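Paired with chain B in one complex and with chain C in the other, chain A is shared by the two complexes that follow.
Right, the complex of A and B next:
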């Protein structure tokens, strides 16, 4: 016993963690293997028998979980891009180029006190962020990320999107009302007025596109835009796209339409009395909303997962299994040989370089090269990887534009905001709709 | 003034703003990552002003005011009391310390600042001001009349009297000062000084005549270098 305790005492902290984790993982892995062997067949049968239910569970879990990295990425982009536009460096301490700062922000929000004002309506106050967040998350269900990678292919997907997305304002109104604070109430009322007003041009701007597409299924809308980038709906509905983008900015409460949380006028709007994770949920929902509206803009007008040009169909005849035993040697040797080969030029070129530094550089380079090759292979071989790449590129392009606008444009006045929606956007959307309908009738007849 | 016609297009400002921020996005950044990178500072930069203590914990400063006199931009200033009325040497910008704040306000108002080291600020007896205000029913609407009455009593407008008016009537001091400085017949300096200056000026021709006579009697050449 003393020998064991002495050996334990000599270990450093990482050593202790490894010595605890390795046996634990071994036991857990063995148990998992045993479970799969014993009950795997039955479980597979059960899943296959209830595929719809399992798919629903998986989709619900994934859309809930995927909001976290999406929101973190958006928050990081917001901090970094605006900083760069202000000639600052922005976050650069936590993680590579500060990319983990938003995670730290999330943790900070988690450990803060969750405060409820005395006169607040506690039930409504508690549920307000949940409603907002749920509305944002549920719209993710119909977004087609890539071929075959979507929660559900509704034939009324777009309608569902607008209906559920419009529920977010209920949460904001709940938060504003129940906080028992005039700034919160003003923020909530402003958000209600703003979002209800902009919902109309937002929806009407898409109706012209629906006439052209003939369907409300987001999946089919994307499929109709395949081919060259000239097939994208943005070239057939330019006015609709502009109206959609402006209305989406207002829907997401983004600058220059962020009247609901205008800090210089009404402290923080509906979020004034919120703290801790409830506040965090509001802001999670806001950033998820930015992503969702960007994704919808990409899906409706920029061809969603489609590449801007028809990619020549390549297929790499890669059947590693056919190599047999030599595959094992390949797996064992390629990393070593690759690392050495990439390290050699650095070691030989500079006499001052230590051998282990060269090895580290070679290892990192090998990882980059191998990762790049694997990615290229996946891009060529799997439709959904290529689709996801293009979808994310377009979506984050829009997110960048949102952040860019926030870094540039000042906030509008509330009367300008409402006047713009009702006097300019709505007539423009109606014009777009009528012109599109007339064009369809003339071309069709 | 030729205007770029593009600027007349509504909404072009937004586009130009967006272009500006996008350009900034790619420009080199102004931030200095401090602990790793040190800024290039001028060699005479001395950093933050700080008083040094010796090994016994006693202040090394002797309050000799030499640093304050040497400071070219008058950012060093000294006072002898802390906020609790104990003797304590401190320094820094004048606005930082309680007893300097009034001075600082005087300085910003453009009037001469009494130097506490040589010339103590003499308060005035404000009882007369109270009587005058009583006569005007403490109504700041009659500010000019109040000021004229005050000047008639004191001969000029002492700061203490103006402050008393501000305190009693609730008018901002800046407003009273503005009113007083607007009218040419109201003055902030005691007339004694003005009379003295006039007397000095009146004596000047006699002085010059005396000097000229002196120079002539000494050399006969001229009184230029007398």
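Right, the complex of A and C next:
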């Protein structure tokens, strides 16, 4: 024993890491191989027999996990864009251009104390952020991200979206009520009144679109907008789009309609008494909600995953598997040759450059070139890659507009807010509905 | 169509003894029911979302520090002043009116959605009947507007 410990003491840190990791990986690998040999056939059987169920499990996991980077990206975008609009620098310390600051924010919220006030109702207090988050995230189930890339394709997709998305207000109300704080109660009631009022114009603004589309399935709505960008519903339903966007801003509690957390009036609204992860989930849900409503706007009015112009039907006959043994040589040699080829000009042009600096530059350049080529190949060969690119571009365009409004517009008063929903948006939405219906009747008969 | 798992299915020999072509899917009753109605996807996803939240709460509970503090820590935060009066007391009447209006119009929306999807088959008859239906609700809205309910007080 002493010999082993003496030998261990003589090792440097990298040596210790290697001598720990290698046996561990060997044991794990052997275990994994044994597991696959013993149960691999049964597991494959099980998966193949219940392919629908397995697909659902995978979709649910991916959708839940994807909300985390989406929220982080939204928070970073918000901090940075508003800072640039205010002629500030914004986050610039953590990560490149401060891009990891929102991750640090998330970790900070995770390790903060999660405190329940003495007078609060602990069960309702705990469930409130859960309900808000679940309602936000469940709408992602029907959103088509790309061809073939969606949770479920319900024939009542849009109705499901609004029905489940509207549940979020229950969570806000629960949080406001259970906190036992006058500011929280006022914030919760305000958010209920606001969201409930804007729910009507929001849902009515898309009825004209439903008449034109003749279906509530989001997938089919997207497919009907394929072709040139003039086929997008925004050009056939301009009024509906404007109403939808205003109402979506209010639904997501964004400036200029962020009365629910108007910090100059009611501290932090429904979230006054919240701290730690439960507070975190309220705002997690809010940022996911911004993404979801932007995505819905893109899906309904901007053609979802359709490119703005029909892409010329290219096909690159490149199937990596069909190359066989040469593929191995390609994988082994091309990076080395590419790095050397890209490093050589730098090394030859500047005599003061060290050889390893030139190699690093060459390696980075090679990665950029190879990544770009791979992406271009994937864009042309797989329609879901192209679809995802366009979908994300449109969605984050809308997210940017939300942030832009926050950087530009002042908050409205609550009486203006409520009056606007009932006296302007609701009649306008009904007008849009009947004008569209009349047009369809005239054209159809 | 496989029914729910019945007792008789326990008499079937173990799956691995059957030839591959005769093996029934292990989760067949579950799977088929899922295929029939999408509601099970919704329920399953809701369960997944809620458990994700509680897992995160659990992680936060393990990572965070906790201390009970003194009696002042648990008081409601009302700008540093002790709470006066009843928190769950009276609040504005307008909230109630708006909730009532919402219920009327939201149920209307459900009907309008179904009507909109099949509108191309109904055409003029559908247009007139929906005009009547919405018109009746609009009379109510006009009455509320006239009474000044829509103005926040």
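Just a few scattered comments:
The criterion applied here is as follows: the second predicted complex is superposed on the first by the 407 of 445 C-alpha atoms of A that agree within 3 Å, B and C clash if a C-alpha of one lies under 4 Å from a C-alpha of the other, contacts with A are read in each partner's own complex, and residues count from 1 in each chain.
Here is the rule we go by: a contact is a pair of C-beta atoms (placed from the backbone, for glycine too) under 8 Å apart; a residue touches a chain by one contact, two chains touch by 3 or more.
Computed from a predicted model, the values in this text were never measured in an experiment.
Superposition of the two complexes onto chain A shows chain B and chain C fitting side by side, with no clash. Residue contacts after overlaying the shared chain place A:56 against chain C, while chain B stays out of touching range. The vertex angle at chain A, taken between the C-alpha centres of chain B and chain C once both structures are aligned on chain A, is 100 degrees to the nearest 10.
When the two complexes are overlaid on their common chain A, residue A:197 makes contact with chain C while staying clear of chain B.
Note on chain A: of its two partners chain C and chain B, the one contacting more of its residues is C.
Contacts of A:404 after superposition: chain B is touched, whereas chain C is not reached. When the shared chain is aligned, chain C comes close enough to touch A:151, but chain B does not. Look at A:353: by the touch rule set out above, it reaches neither chain B nor chain C.
Contacts of A:239 after superposition: neither chain B nor chain C is touched. When the two structures are aligned on the shared chain, A:86 is found in touch with chain B, with no touch to chain C.
Across the superposed structures, the minimum distance from chain B to chain C, using CA atoms, reads 21 Å. The intersection of chain A residues touching chain B with those touching chain C, taken from the two complexes, is empty.
Looking at the complex, you find that chain A touches chain C at residues 42, 45-46, 49-50, 52-53, 56, 60-61, 63-64, 109-115, 117-119, 126, 129-130, 133-134, 137-138, 141, 151-152, 154, 158-160, 164, 177, 179-186, 189, 192-193, 196-197, 199-200, 203-204, 207-208, 210-211, 214-216, 267, 272-273, 276-278, 280-281, 414-415, 417-419, 422-423, 426, 430, 433-434, 437-438, 440-441, 444-445. Residue ranges on chain B touching chain A, taken from their complex, read 14, 17-18, 20-22, 24-25, 27, 29-31, 33.
For chain C in complex with chain A, the residues that touch the partner chain are 16, 20, 23-28, 30-31, 34-35, 38, 41-42, 44-46, 48-50, 52-54, 56-57, 59-61, 63-67, 71, 73-79, 83, 87-88, 91-92, 94-95, 98-99, 101-102, 105-106, 109-110, 112-113, 116-120, 123-124, 126-127, 130-131, 134, 138, 141, 145, 150-153.
Chain A makes touch with chain B in their complex at residues 81, 84-89, 92, 404-405, 407-409.
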